[in-house]
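In the two assemblies presented below, chain A is common to both, partnered first by chain B and then by chain C.
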Partner chain A sequence: MEVDSKSISTQAIEELSKELIQQRELGVTEEGERLIELQIGPTHPGSGHMRIRVWVDGDIIVRCDPDIGFVFRTIEKLSENRIYMKTIPLVERPSLLDTTPMTIGYINALEKLMGIEPPPRAKYLRTILAELTRIASHLYGIGIFAIFLGHSTGFMWGFGDRELFVELANQLSGARITYAYVIPGGVRRDMPQSFPDNVEKALRYFEKRLPDWYKMFLNNPVVEKRLREVGILRKNDAAKLGITGPNLRASGIEYDVRIADPYEAYDELDFMVPVADEGDAYARALVRFEEIKQSINIIRDALRKMPGGDIIHPQIARMFNPLMKKIYEESRRVKFPGVFASLKPPKGEATARVEAGRGEALFYLVSDGSPKPYRFRWTTPSYRNAILFKYLVPGHRLADLPAIYGSIDYFPPEADR
Partner chain B sequence: MASQSATGPQAQQSQERLQAIKALDELASRLKNILGSLTGSITVDKKSMAINIEVDKSKLLDAAKILRGLGFEHVKSLTGVDHMETGIIELVIHIGSYRKGLRRFMVILRTKLDRKDPRAPTLINIWPSSELQEREAWEMFGIVFEGHPDLRRLLLPEEFEGLWPGRRDFAIVTRKAGEVEEPWK
Partner chain C sequence: MIQETLLLKELLGNNEMIYRTVIGLGYMLIYPGLIMIVIAAALLLWAERKIVALVQLRYGPLWISRRIGGALQGFADLIRFSFQEVIIPRRSDVIPFLLSPGLAILFSVLPIAFMPVSPYIKPPIHSDIGLLAAIAVISVAPIFIVLMGWASDNKFAFVGSLREALLIVSYEIPFIISILSMGVMYSSLDFYEIVERQSLLPGMLLNPFAFLASFIAMLRVTSRFPFEISEAETEIVAGPYTEYSGLMFGLSMGLAYIKLYVYALMVSLVFLGGWLPIVSGEGVISGFLIPSLIVIIKLTVVCLVAVFLRAVYGRYRIDQAIRIGWIHVFALSIVSLVWSIILVYGGWIRWV
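Presenting the complex of A and B:
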């Protein structure tokens, strides 16, 4: 953390005065000379790849300006220069550990354009992988959150336990993190026979761990002191700022795309949406833990209700050559037929949204009938939550900044795309 | 491929989905009544569960205020779509709601802007959630949001040169296979 000890110019102070008046009720004085600009990041080990500029008066933050874009990968522009298939691995790169919901969203938009719908078994397999990544993503987020608070046990436990779910995803998809499992019309491979048993073992182990997690992290008096009544996001503000995901639900708004606009198999599965009313950092952490429990329910329910049958749309299966057919029948793996290289969805546009681990992601795809998308627009949950830095942080002490940052589970590469 | 799949067997639509589509149609006709002369056309996109509303630039704020009053309180995405041949940049705004009756649907508000000088009124007084997205639309497409208090780059690096990388005519510099970049030379 570098400190710019120069006091800022009088003009800048004048600009700030308006906000200072708003902050007065929070105990901030108007003495402009005492404002110091701090630059947190972009190489800070905790902050990820973003810079936060904060102006502090003493140790109270008066103004905060998130400077994002340090890991901007121009995916929207890149995808306009690639065929549709090559965007599948692109969309899962930014949101580490939360990859499947993103591919589901992109593929859903593409399937809406093409007018096909995957068979039920493929839908269930997609749902299971999405929930596995959701748990892994929450554990990752909680691990980072813990290390922000100086709680290194939470970091180790989070990263240790997420390994279970990464390994399960590996068994299902053949890759640990970037799966590219979801393809138009279905999924790339069926689950192995031992998969349901392994899932059950892992879930049982993790359920046994959960009480320890609560003891170690959520009910830990130090963690509670750091998080309770810190970074309170009120219901109205959350709605106004368009916040999404667990951050929104921790502020008392029950909104989850899995319920609001069900996709894949979510309308047939049994689960609840955890909501908290407090809106503080503690509530946001609590909601994530409750969501892990619900994801466990979803995975169990999906495995129980798993329908049989094909994992790829018959129209695509019809285009397999004899070797592909043989591979599909023997080992239930789908190889891309050549037609995917020149896939031309009809002219038009489609919007799909999904509930990723950190919140709602929106995919807007415009096709002009050529093999490349005319326009691809993608907003991620972290991108929409970035605005919280500007409006939630001011008024808090500098020492609370890591707690607020960690609690909103902000992930810079996902925001920058 | 495309034409084949479009005529493929329609997947079974559940009863619940049919009800939702009915509600979507009702909402669209309600919007048509309320917005009245403000809009050019209102079309329903059943696949995406969205209502496309096309408005003239001068009526954008009025339409936005009405939508906000109806309960569409946040912006999910705000972006431009560049139509080079017709000289138009379309401003496309996806608006959603957290309310129980409306959360299933999206409203897509569209305005056509002149590609040579795209200007639109800022929406942050109506939807504060569009603040960062307007900055992105400005740096990518050059859409000037009149009245935005802080219109500067969001994602692009400070030293980036070249105008409006989001537009269609902005070419990506690519290297040939085997070509190595040697900045030290």
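Presenting the complex of A and C:
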């Protein structure tokens, strides 16, 4: 189901926030002297790169203000002063755990400007890497979530099992985290011959581990008690606040860019979008686990359906010099022809959106015909989810703040850009 | 009287007073007192990290004393803490701030004075209400934890110490009731009689409710998972210990392990039969060392089970923990008391 965009007006948001703030700030005005203001962050073991200002009445939080922007790095402005190619590694930096979807989004916008479409094999390779990154990103999120609840085994397992997928991505792209694998018109290199076998081995291992995960983390009585009925996000609130990603799907709205507006090879692959109705922290954790399972399906399916052929658009391959051609034919690696250094897409603007690990990311690229973008606008999922702190946390206990923080998988550098 | 004691007495000039002082000091400071506790705490810390690492598919402490699996890690940490700078916040209340960790440790160690580890060498204070006295002394310690939080003048420390106060109240009462129900069961508060009366069946089988209630309460009182709530790192940094640094921090962190040792000693005496099955021997070796080693082994098992839970559970929210304390654990302790009364006054158990 796609959210009806007309129903989300600014007025509705204002009304909602007024109502919620009135409800929840009542304590602030009436019992102002009883409240303690706690500054959680920016140097707090449970805050990440942000500050959360909470006002507590006893143990109950009556007001919560997320204060973001501590790791703001002017990515959008920086990209206006660089050639198009140099922005590829730049868009990876803010969300280091979830890099490939971001590069895919940027490159898709750029390809739309240039009017080229990558060959099918490149699309499949991009999809596989994006799904590997999604699993790694979810495992990271679950690990952090676990340690927020004091569950150190979940933390260590999350990081340990993430290593599998980071290592697979390393085999495919040659880097562990910042792949810069996606380039205009294709991908940097083809997959090695042993790759499908290694993927199958890793996936099988991880599938064997999943029951342990459920036993130790999701079905753990303490974890369940901490997460059920905590931070409930209702369906219409989620739609009005513009929440995205697994957090939205845990509130019962089945919206995924991979289905709604398929990019790369997603329209040819077989998968479903897990949805939960409860909207509480437990549902959000559950949806992440189910998404990992779906990602495993996608990777298997993509490897099975992998078409042969080129990994770079023939228009770009034509510009290779003899040495580049030799390298491409021998080891299936793409060396950048000189044209990439002075890539000048025709005048115009393009948008692209992708489903990153934490939700929908929107890319908007304006070209004025020069080698540098005129404007690059980028909305990240974490930025859209940050507002949840304000609405989900009040009314809960102080101990629920980490539980809610972990459950929305908020990643400050990604939000700040 | 056997050879060694005679020798010691002769050396000390056959003075009963000096002899008892020396034995008492040795008992409190060396074994099974302070030094043993420090060694046990350091090893326990290592064991905890190693066991948890086993569950979490990693190595745990490794590089310090690699040949014995990093067993000296705890001592290395202790040395590091000792040489770190102690920072005293300007706005803190200096005297309570500095004194309370030491006092908390003092009152956690003092119950050892009432608790025997062997039939031959008696604890410094051998009293027929030893059990009650030990519980009374150790329940003073949390007051100093609350004091730490108050004296630090830090919001996180303040919140942490309030949590500690709330939780201690809701878990020490079930602990005391369930331990005292064993006193009812044995019709005695003297540790020697308590151990003696477990020669047929250990206390945990005589009154399993009391064992369960006091074990759960012990987990909370010593800040083990899933009740590690007053120091919850991601919520309130380090709770009452937030402002402490250097040796003071080491002391505050060690406090939980020291308490664990003492509580586990109490549990192994009351529920696990102390030095039984060794009945009674003569001399230092068979009358003191072997029985005390058996006690230490039982105590270690209790401690290891307690620290292992870190690998399994996260932490409860404070209201959930208090609810569990007042509803389930408290009810369990009342059941254990009723069970004891029924067994003893219904004539099922008769002590000769």
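Note that the second predicted complex is superposed on the first by the 387 of 417 C-alpha atoms of A that agree within 3 Å, B and C clash if a C-alpha of one lies under 4 Å from a C-alpha of the other, contacts with A are read in each partner's own complex, and residues count from 1 in each chain.
Keep in mind that, in the parts below, contacts are C-beta pairs under 8 Å (C-beta built on N, C-alpha and C of every residue); 3 or more make two chains touch, one makes a residue touch a chain.
Just so you know, these numbers come straight off a predicted model, no measurement behind them.
In this superposed model built on chain A, chain B and chain C occupy separate space and fit side by side.
In the superposition on chain A, contact of A:Asp59 is made with chain C only, not with chain B. Contacts of A:Leu241 after superposition: chain B is touched, whereas chain C is not reached. In the superposition on chain A, A:Met272 contacts neither chain B nor chain C. When both complexes are overlaid on chain A, the residue A:Arg375 reaches chain B alone and has no touch with chain C.
When the shared chain is aligned, chain C comes close enough to touch A:Val222, but chain B does not. For chain A, the partner that touches more of its residues is B, with chain B and chain C as the two candidates. In the superposition on chain A, A:Ala341 contacts neither chain B nor chain C.
Superposition on the common chain places the nearest Cα atoms of chain B and chain C 24 Å from each other. Of all the residues in chain C, the ones that touch chain A in their complex are 52, 55-58, 155-156, 158-159, 225-226, 228-229, 232-237, 310-320. Against chain B, in their complex, chain A makes its touches with residues 68-69, 72, 74, 76-78, 80-81, 112, 114-117, 239-242, 248, 253, 255, 260-261, 267, 313, 315, 339, 342-346, 349-353, 360, 362, 364, 366, 369, 374-375, 377, 379, 383-384, 386-387, 390, 416. Chain A contributes residues 36, 38, 44-46, 56, 59, 146-154, 156-157, 160, 216, 220, 222-223, 225-226, 397-402 to its touches with chain C in the complex. Taken in their complex, chain B has these residues touching chain A: 1-8, 11, 14, 16, 45, 47-50, 73-77, 79, 81-82, 92, 94, 98, 103-104, 106, 108, 127-133, 153-157, 165-166, 168, 170, 172.
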